[in-house]
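Both complexes below contain chain A, partnered by chain B and then by chain C.
Up next is the complex of A and B:
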């Protein structure tokens, strides 16, 4: 009898020890390892297949294109050391540097040509639409790539920084699970729903060794538990923390918080094709019923910048900052406009994506604000897949809230509101706007800026949507880790981090 | 009462504590439970706001009062429907027996073998989220429960001599079922109803917590908990009060069921 109790006790103790030892694997990890919490698995590491931003932020460390973006939103050389643009603005010549793939082979012009031709082939690439301006891509010798355009297309360099234009070896298959790039890190192991492990690539062309040898992207869908892990040290970095959890990390001594505008445009999408909403007065009434300050406090905990147009202030060269007073918050005028339009008792449905608490909360507050001017809003919260199908694809909705992620060039962002664009899910239709956008791609400098200023004014005045905020991206790090770089695009630059 | 049926009376007391404010809320609430006042968000309990305010500055006390309407109505309707359909089928099955019994019971068991939350999720996938879906899901989950309990009671009763006597006197089946057996089975059914009610309340709260029940801004206890899960440490009142409301009423119905069972023995 006594011996069985002893045996039991022994079993319990060894079990506890096992758990402790197993659990501390993370905590006593080697100094050159960094653990990063991310909410979901990537969709695919094949640059032609991936559509999720969650993939791009990891793949930024694995793949490179001819050029890449810098933290201040400019374009710098990656595989191309430099490039020339001929005076017609239609021929770009890229000069390749001596660079190697993760499999050891050297990057040749043929690899680049193959990757870019696949990227613009609608049969192969999910993002082929972004590269339709390209007429041909050809190699000259082993180290020069010539890209010829059909028309001058100012956003080209920015489009080439995207994951979709990444370069991989010509003879490669199965990139979805085994990516081969040229970036400072290579994929070592991917355990779905657990982690993605990257290791340092010693032959990177920059000859600069990143500090961390091993990088774990740990899949943690629940931010609450990620914060606990960060506090106990088993996680070193949480990029994009939810604003409602900000208070849990604020003022904690061993944590450092970096907040920067996300370059995300959150908008109240107003379906311009619905009968009541096709009346400009109704759309303007909706815009004037909205109090952005209250939304930013109530939904984003004050961690956001107000927006009045479809671009974010994170793009200072193009953001039109003079639109604040175009349709100001004036509920009385909103009510008058509704009366005038004959919609004193309007009923609308707002479809919200449950996967994004920020958008759901924003929607709840906006519904409350609209009710105050006499628009009765019924809220309908749906799954992400349903949202994509119903709102984005079929455009079968009245109102919705969504965030459109940042790009480096205004054309990429604004062209979606062109009446014929397949992504124009608010059904915005302004011939003047369409004309300005098509002019914008072939000019540069102050002239280009003035065109986009006008375009932004039109989309605000005619209410393509009501633009609400650019939420702050809250990044929390273990204070020992330095070198955090915020980018205006959706990436995590692990190579810049050090201890 | 004289023997001190404590569980029954404590249960009734708990139910009253939650149900009375809920009934009052049909006519009066201290504040509008839906209109937001962002300027007074997340205020701790005070004389103006007894339970404090939530993340949108809405009065938590008013919201809990009104939240009870949804929970109690859905649970009552769901258990009622389950009891009516399940009880009828169970009576039929237990009184007639044989093949009807076999068939009905196999179907009931098939339904019963599904975990009820899975059944509810299935219903939501097909019918979409909302009050009606939740009601249907809980009702369906309750049908086999009532079927079994009614059937057992009817099988037992129908062998008793008073039933045989009634049959010998030429009473119709309908008369025997409704006038003779049913009054004798009512107690077990009511005990089950009370227990089922507790389960239904909990199921409704769970589904709202998952975001599948009532859609905002209509308050519901489960949804209130979900919305504040990341701020519970800085505004504990937002979690504690809806939590207490759910715990009290579920415990109340469970205690009442226990009490009724004791009294029946």
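Up next is the complex of A and C:
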């Protein structure tokens, strides 16, 4: 029996070893700890560098700008307690409140000036383009910051809510992985592919301290395992769950589901510069061949709102809801238009980004719908890096599907389709649209709304792209956790959560 | 000694070739890191200066020799994706993959040796038929699917083990099992056939006729001889796993080399891809070397070839 005991001993030892070796890193279950599943690591915590939406939703808890967004898409004070706008609409004076950085130093006007000047410097900031309306930023004393604009610019306050305009200490380096902000949470540890740990910042200016002391954003690339982890209690929150998993969390007793429009505009990008597609009739035929209801059921499991414009209904103040009948789903008319344009047998290629199953599935359904009106669509699925280079940067494509993340101000979203904009990857070219967009920044109130109503009508009628849907953001929480707030931008407001 | 020297030379040459091939392949792939960093929201105007910052304006050959020089001085450079030194990134991920690979092959051996021997001893029995059927099934099951089944059974239904993430050694049990089962199936067949082979040899008959008890004949004489082919197949599996646990790491959310490599490749983080490929290749070559040494120890005949 000697060797069987040996074998047994070997079994036991190896199992014990297996348990011990990893045991050093045991997560402590604590009432004041919250575990949040996110699919990828942030790109960079340096506000001048980061462009990823995944970073912004975590960084919302770490950094603050002069102002921040509210769940209903409005702007409220953050580091600035209040502000004044000069009647010329060109001078903004921000009054700073008493606030501290995570390193303990007091926030001064000089820090704000430095951060904003870096944010608008094209040599430094990845998002400098959004701040070109600013002429100068200056400090008056320690507690006042004056922003002077070249021209009146209505989106300014909204753009100051972005991570790119966050404030950090004047003398700071290495923010990419050691962020120093003023938010309710500070970064404790970042282990790539594993977790980002935040801890409560006790010197935060708000009167009410957040409930959770420790926050783990756990990197879980597979949503299936994240859902199981949520059900077994090792994860407390999955923001933006894939729609295909909705049925797995719906009606589960200990889970709470919050669905809201994502403010993401999914569109069929139509390259307006391609010979056949430069013919308006062909673009309109494509738009009228598309059945959005079918797509939303087939690709988004019914969890989305139909779109007929480049803005999402998540922005009720500016969303033009009267465009549904402009180019309705009418395959017969689509076919007639194609005949008329002399493209009865059109061949097009649709390039789809494999990283986004929603867009790939949408593309497959659309290809089928287009075939029914006589457009032969060849599908080409490429990886994200290739998509960005070929489709987005070189604009070498016929058709594609992509989602553009929403912002709080319509200008930030719609200016992309201005003919001279470097991000106008559909090559849309309408002088009338260009004129409206440049007018929209200097007016306010109903006048501004009417300008964007017209602009949206033009981009839909002249088919800058075919706007398909705004998918729902499906946020799932352990039902014990209360206080979830869905934002129309990428935000996970951990400070609002409690048990 | 000469053997050792030859092995080391071939190891260095292989590593060099592997890193050169990876570097130039990743280089010609479409999509450059600067474009990926900017995504759909960054300013395209930033592209040129970003390329400059990342050193992408230099010729590929210059970048490759710079990288090699760094490597020789033990510096793997900085990751573009994570903006940190590559050394510590790999150091954190390496133990996860290493443990996972070793545990999977270990588990596979633990499962396959007793079953394989059982089948060899009782040829034609009901046990053998069932085992062979199960191995057929085991070989056909993809690991990631097994992973989902195991998560559902052990984590969701029974609540015994963590479903995903890496918090303790227990986190590795399910992924190791998912990787081990298909391998155990293959190994069972190897154990069985090499044991059948060995058991028909003359010296086994001699051992039996000496009156040695069955377990001594099996485990001392026969298994030792059969171990040569078992060890070489197990070695192949180990090397495969060192470079190929990407899918299982995704499914179980394990922070191993596979996940790091995937993130690096998708983001065209060339320095990180290079570092990972060289480290994994070195590891695989070393394991191969180790397996060779074990085989030498097991089979004296190999020493004279």
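Everything that follows uses one rule, which is that the second predicted complex is superposed on the first by the 474 of 499 C-alpha atoms of A that agree within 3 Å, B and C clash if a C-alpha of one lies under 4 Å from a C-alpha of the other, contacts with A are read in each partner's own complex, and residues count from 1 in each chain.
Basically, a contact is a pair of C-beta atoms (placed from the backbone, for glycine too) under 8 Å apart; a residue touches a chain by one contact, two chains touch by 3 or more.
Remember, predicted model here, so these are calculated numbers, not experimental data.
**Student:** Looking at the overlay, what does A:224 touch: chain B (first), chain C (second), both, or neither?
**Tutor:** After superposing on A, A:224 lies in contact with both chain B and chain C.
**Student:** Touch check for A:248: first (chain B), second (chain C), both, or neither?
**Tutor:** First partner only, chain B.
**Student:** Check the residue A:40 against both partner chains and state whether it touches chain B (first), chain C (second), both, or neither.
**Tutor:** Touch status of A:40: second partner only.
**Student:** Touch test for A:332: chain B only (first), chain C only (second), both, or neither?
**Tutor:** neither
**Student:** Which partner reaches more residues of chain A, chain B or chain C?
**Tutor:** Here the partner covering more residues of chain A is C.
**Student:** Which partner does A:31 reach: the first (chain B), the second (chain C), both, or neither?
**Tutor:** neither
**Student:** In the superposed arrangement, does A:393 touch chain B (first), chain C (second), both or neither?
**Tutor:** second
**Student:** For A:423, select first, second, both or neither according to whether it touches chain B, chain C, the two together, or no partner.
**Tutor:** After superposing on A, A:423 lies in contact with chain C but is clear of chain B.
**Student:** Considering only touches as defined above, state whether A:298 meets chain B (first), chain C (second), both or neither.
**Tutor:** So A:298 only meets chain B here.
**Student:** Have a look at where A:379 lands relative to chain B and chain C in the superposition and call it first, second, both or neither.
**Tutor:** It touches chain B, and chain C stays clear.
**Student:** What is the shared patch of chain A, the residues that chain B and chain C both contact?
**Tutor:** Common interface on chain A, chain B vs chain C: 224.
**Student:** Looking at the complex, which residues from chain B come into contact with chain A?
**Tutor:** Per the stated touch rule, the residues are 34-36, 38, 41, 55-57, 129, 211, 215-217, 229-231, 233-234.
**Student:** Mind listing the chain A positions that touch chain C in their complex?
**Tutor:** 1-4, 7, 10-11, 14, 17-23, 25-27, 40-41, 43-44, 46, 49, 51-53, 122-123, 126-129, 176-177, 191-194, 218-222, 224-226, 228-229, 231-232, 234, 355, 383-390, 392-393, 402, 404-405, 422-423
**Student:** Spell out the part of chain C that touches chain A in their complex, as residue ranges.
**Tutor:** 29-32, 35-47, 49-50, 81-84, 89, 92-93, 95, 99, 103, 106, 110, 114, 148, 151-152, 155-156, 159, 162-173, 176, 215-216, 219-220, 250-253, 255-256, 259-260, 263, 266-268
**Student:** Please output the residues of chain A touching chain B within their complex, sorted ascending.
**Tutor:** Within the complex, chain A touches chain B at residues 223-224, 242, 244-245, 247-248, 294, 297-298, 354, 361, 364-365, 367-368, 378-381.
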